[in-house]
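Lettered A, B and C in written order, each chain numbered from 1.
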Amino acid sequence: MIPVLSVRGLKVSIRTDEGNAEILDDIGLTLERGRILGVVGESGCGKSTLIRSIMGILPRAATVDAGEIWFEGENLLAFSEAELNDGVRSSRVGFIPQDPLLALNPVFKVGAQMLEIMRWHAPDNGLRGAARRRAHVERLVSLLKRMQVPDPETALERYPHQFSGGQRQRLLIAAALACAPGLVIADEPTTALDVTTQHQILLLLRELVAEFGISLLFVTHDFGVVAELCDDLCVIYAGQTVEAGAVQAILDAPSHPYTRALLACHPDRATTFLGIPGSVPSPLARPPGCLFAPRCIDAQALCLTGRPPQGQARSGAEVRCVKFA
Amino acid sequence: MSPILRKLSRDLPAMLGLGIVLFVLVIAIFGPMLAPYPEDAAASHLTRRLKPPSAAFPFGTDNLGRDIFSRVILGARGALSIALTVVSTAMLIGVPLGLIAGYRGGWVSEGIMRVTDVVLAIPQLVLALALAQLMSPSLESAMLALSLTYWPYFTRIVYAETRRLSASLFVDALRGIGAGSGRIVFLHILPNALSPVIVRATIGLGFTILVAAVLGFLGMGATPPAPDWGLAIAESRTYLPRAWWYATFPGLAILITVMGFNLLGDGLRDIVDPRIRRSR
Amino acid sequence: MLRFVVRRCLLVLPSLLGLLVVTFLLIRVVPSDPAVAMAGDAATPEQIERLRQQYGLNRPIWEQFVSYVGKVATLDLGESAFSRRPVAVDIAQRLPATLMLTFCALAISVFVGVPLGVIAGLSHNAWPDYLLRVFSVMGIAVAAFWFAIMLQLLFSMELGWLPLRGEISATIPRPPRITGFMVIDAMIAGRFDVVADALRHLVLPAVTLSLGGLATIVRFTRAGVLDTMQQDFVFYERAMGYRRWRLNWIYVLRNSVTATVTQIGLLFGGLIAGGVVVESIFDWPGIGSYTVQAILTGDRQVMLAVTLLVGVVYAAVNILTDLVHGVLDPRLMERG
């Protein structure tokens, strides 16, 4: 069975005043049907550029230099803007944004914004005009009910600022599912929420994946969330995939030094808090060798000369490190 | 200063503005040497009245046979000196008031800012015209009137900056080590508030040239036979449509000069504070 | 809603009081002896004394101020030295012409400026943007009186397409005055040839007057659009596949015009000042040419009345702007 989403060797750079910034260097990931793939990395590692590349909404100064993005058997990079807008966004790929307050247009009612999406992308089931719109409202109301938004009917007539953060996130999840997509991309959807709400949203997402038959790409910086929610994991560092595999296998036996260092930082697991010394290399001046080598405690002379090849660890994970080559 | 210049040199419109400003400055300083007929500031030649543009008179001649090209060049000095006088006087009034209002607080601040609001609520041109009339029309009273109506812009900027800075940590620290008010205000707050003031002054120079031209046009500013741009346009109206050049070239001179200051001011403002997008 | 309006009105009161103080000081304190100034050079001491009695100039200054405020409150703005009629009557007579002109200029500024601003913002740092930036700087830098003369030169004198000056052709009988607005009065009278003539007279002054505001609106709409395009919700809307033109012209624009609306409020100052010049060039029978006339003849009562009027209009426009803000942005209205 072909995977829902498969990114191969993606390279994206952005022209800046100071020069060409290589934001994504070599990203690879695979999301199988019906599963939840967590993409983990520190801020600035290229997570949002990855999402933007998949959705085809890169800034004007950015170019895709190499790679493929296969979605249900089609290469999205070959799609025109019109093809993406008419046939992919919302209708086949739903999106849950990071900050629910900032993502909703503050001056329009919630219902109007969600119906605007459905107007162009929801399947019409042979209905037209007012009947179609009524069907959309009905679907929205039932979705909101499923998301446990109180008073779904009146909710559509309210403005974004009149909801709490958790409720807004539920609205956005409903919007992502409104047009029945097969893939949903979630960009740190729980970061802006408090811990209790975060837990509820994660439970909800877990249920929805099975219930709506979707596959979920979940981008986050938080290993705790990954452990709670995801089936598979893909760790990104400085625009490269450094380790990818099943969540449980990687958590039990992290192979790449960066994954190990990250896990050591996580307060749930660390016996002593260890930061990672140094900082992510600037995208304007990537070092010639392994990108993590300057911060790696196990770095050898070999690591500084060439990019390490992809290898396989005993856990079954793909690892980009000389030790596993 | 050098990073500012470097950023400015990347901003094409701002460099164009700087070029225009320098050009006008050179003309203002060396005007009498550059003008082909410097004596036309006052002289009249009734034999060559209202001649259209030609090689001898690139912009044509006016109703008294004076070379308009020379008079446009000679007018730059007047326009710039009015603008510089007005803006520096307005700064001398506005900046200290803003500092006092921002640093002192209380009823002093409240009083100063209320007056500022009131003056800002009346369009500058209307107020300046009224003041100039009350002081009996002349170039000097026009300049005074313009200064008396432009200072609130500086007060408002300096007030806002002072408020922001006196709430900041470094001023707290200075107070903590026992620095006096005067020292804090003049050595620490004023230099920090200076860049928005310079931006405002640059735009203000252009704006003042424009308003001064209106005053000249309405007969409340420069008096004949001064080679004033606004005055020339007013005088030309009797000879339209025949002498189109009479009105056209002094107006273009105003347009280009004011544009130069505005472009430069906009560029400076983008460097100093990209968030502020106001201009006047 | 009501609370919102009342609050804004109360906030304006101190400024209006300040304005009264300023105008009062101008009329009573700036001239060393107002009675002498009023009576003129040829007056005898008896005449001056009579004036002093008549205007209460021998009473204490605060008493004079109170009676001045009382007079202003009852619309007693004194008598014009030039027309020998009450200033309030003159103003009422001339206000419709100015309102008509200002309204048309504002309409041009908004309906042309907002779309141009959106285009400039969307084509950030491409040629339409550069072109519009140069245009907007020119619009602010151009002297309105010169631009008016250039328009007259081209469209009236050379091409003869549009009338040179005035509110209506001298050869056409004026419709009976009902509202005071020439175009509306002509419509009521059923004289559509007069309507057309009046509209033709409006074009050049309205275009001249609109120029400064147009440039400002282009600038601020552009800035607003650039700002909005950076917002998370625009990315979200694009990710969800909003139709591009609806995204730009409805969802982005609606968020971007808030700054523009503020500017429209501030523009009124410029429109009134511009009106002074434009009206006098086009012989437009409104408040602006009245002001110029008063200034040139030294008609002090009129000058002060006009200054006061401008301040009041300005305050009213500010309240209106806040109100429109509240309607455009539901978050503001709730804060009150």
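We take it that a residue touches a chain if its C-beta (ideal position, glycine included) is under 8 Å from a C-beta of that chain, and two chains touch if they have at least 3 such contacts.
Just so you know, these numbers come straight off a predicted model, no measurement behind them.
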Intersection of the contact lists for subunit B and subunit C: none
Relative to subunit C, chain with the most remote C-alpha centre: A
Two chains sharing the most contacts, counting C-beta pairs only: B-C
Centre distance in Å when subunit B and subunit C are each reduced to the mean of their C-alpha atoms: 23
Geometric centre distance via CA averages, subunit B-subunit A, whole Å: 54
Subunit A and subunit C: spacing of chain centres that average the CA atoms, whole Å: 53
Complex contacts: residues of subunit C adjacent to subunit A: 231-233, 235-244, 246, 251, 254-255, 328-331
Partner subunit C, residues of subunit A touching it in the complex: 55, 57, 84-86, 88-91, 95, 97-99, 102-108, 113, 116-117, 120-121, 159, 161, 175
Touch list for subunit C against partner subunit B, complex: 14-15, 18-19, 21-22, 26, 30-31, 133-134, 137-138, 140-147, 149-150, 152-153, 157-158, 219-220, 223, 259, 269-270, 272-273, 276-277, 280, 291-292, 295-296, 298, 300, 303-304, 306-307, 310-311, 314-315
Touching residues on subunit B, where the partner in the complex is subunit C: 13, 114-115, 117-119, 121-127, 129-130, 133-134, 206, 210, 213-214, 217-220, 230, 233, 236-237, 240-241, 244, 247-248, 250-251, 254-255, 258-259, 262-263, 266, 277, 279
